[in-house]
Amino acid sequence: MHTEVITVRTGTRPVVRDITREAAAFAEDKGDGLLHVFVPHATAGVAIIETGAGSDDDLLTAIDGVLPTDDRWRHRHGSPGHGRDHVLPAFVAPYATLPVISGRIALGTWQSICLVDPNGDNATRQVRFSFLPG
Amino acid sequence: MHTEVITVRTGTRPVVRDITREAAAFAEDKGDGLLHVFVPHATAGVAIIETGAGSDDDLLTAIDGVLPTDDRWRHRHGSPGHGRDHVLPAFVAPYATLPVISGRIALGTWQSICLVDPNGDNATRQVRFSFLPG
Amino acid sequence: MHTEVITVRTGTRPVVRDITREAAAFAEDKGDGLLHVFVPHATAGVAIIETGAGSDDDLLTAIDGVLPTDDRWRHRHGSPGHGRDHVLPAFVAPYATLPVISGRIALGTWQSICLVDPNGDNATRQVRFSFLPG
């Protein structure tokens, strides 16, 4: 299995970071198989959405609606409301799988691979790409 | 890797469409391995739920609750509220993975593979099945 | 493909049950590849979250917020509000995929593999582990 870890800058505010380019570069010499994208963090997820037309910010809005940053959470380490960041990966999983055909990720026209990081306490994140040959 | 794209009719209203039969037909001559189900669309997802006892409609109700079709969304192309359709795949991912044993998808008794399409603007959708031999 | 089904006791109340130890035992002699975790049930999911610091209970709270146990659901078998248990797997999928390197699941420090079972009507659940060599 080919596998590689990259470091992604996510800054100090909640962010949806498009990592399609990095994933495509990893896959491009790999033939046919399955791309696995994984974030080894307990407060981040991976989403396949459109970027650049507002949906990346919409996702952050949706997360605030579904998992408010208030004091309802038992987990109380870190910034106020941080407890909800730890629940996020149950809904936006820290992995994704995508078909690769002749080294090209078979994404639809409007799909991008995104790292979802609501947690401003970590300015960088790791992402592991793995390739399962088919 | 065996891979195949089918076209599924989803109509002009939000729908949860059971595609278990199509997936089973794809897998049946494939031996042991992993089935990957993927929709190459930015406003649809794949869910593994029970169908035929109301839960398919319940899922559409739940999506309306979690992601309302109002004017809160920045993405404003298409029908009113369509912006939420673009957030859906972050919560209901556009892929699923399932074990296949001797050509049979190892689903539980009440599980079905479903295409979730809240977007009535597209009457047909594509689904890509891929098989990773184990 | 190596595959194995274990039985997990989940009791008669909603529970987030850490199954990392069981998954690690399955993977430890398997080399490099992809671990697939699957629950063959229509009212349970798999989540990768931190356990032991409150987030497991926080997840149950979040599920009650997103999918209330009231009478809005069409699916009306089982206990009151049980209909929402059948919607859960659309949001917390019944599968997860994780990279395995030299027999070790490449989880982050704070990540655990959890069976999420909001349904108190089943005291035990099955989990299928499968390993795809890379």
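Lettered A, B and C in written order, each chain numbered from 1.
In this text, contacts are C-beta pairs under 8 Å (C-beta built on N, C-alpha and C of every residue); 3 or more make two chains touch, one makes a residue touch a chain.
The structure displayed is predicted, hence computed values, not measured ones.
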item: Contacts common to chain A and chain C (chain labels); value: B
item: Same or different residue numbers at the chain B/chain C copy interface, by half rule; value: different
item: Separation of chain B from chain C, taking each centre as the mean of its C-alpha atoms, in whole Å; value: 20
item: Sequence positions of chain B contacting 2 or more other chains; value: 34, 66, 91, 93, 97, 132-133
item: Chain A to chain B touching residues, read off their complex; value: 32-34, 45, 47-50, 53-55, 57-59, 61-62, 65-66, 91-93, 96-99, 101, 106-111, 116, 132-134
item: Sites on chain B touched by chain A in the complex; value: 1-3, 34, 36, 38-42, 66-67, 72-77, 83-84, 86-87, 89-91, 93-95, 97, 126, 128, 130-133
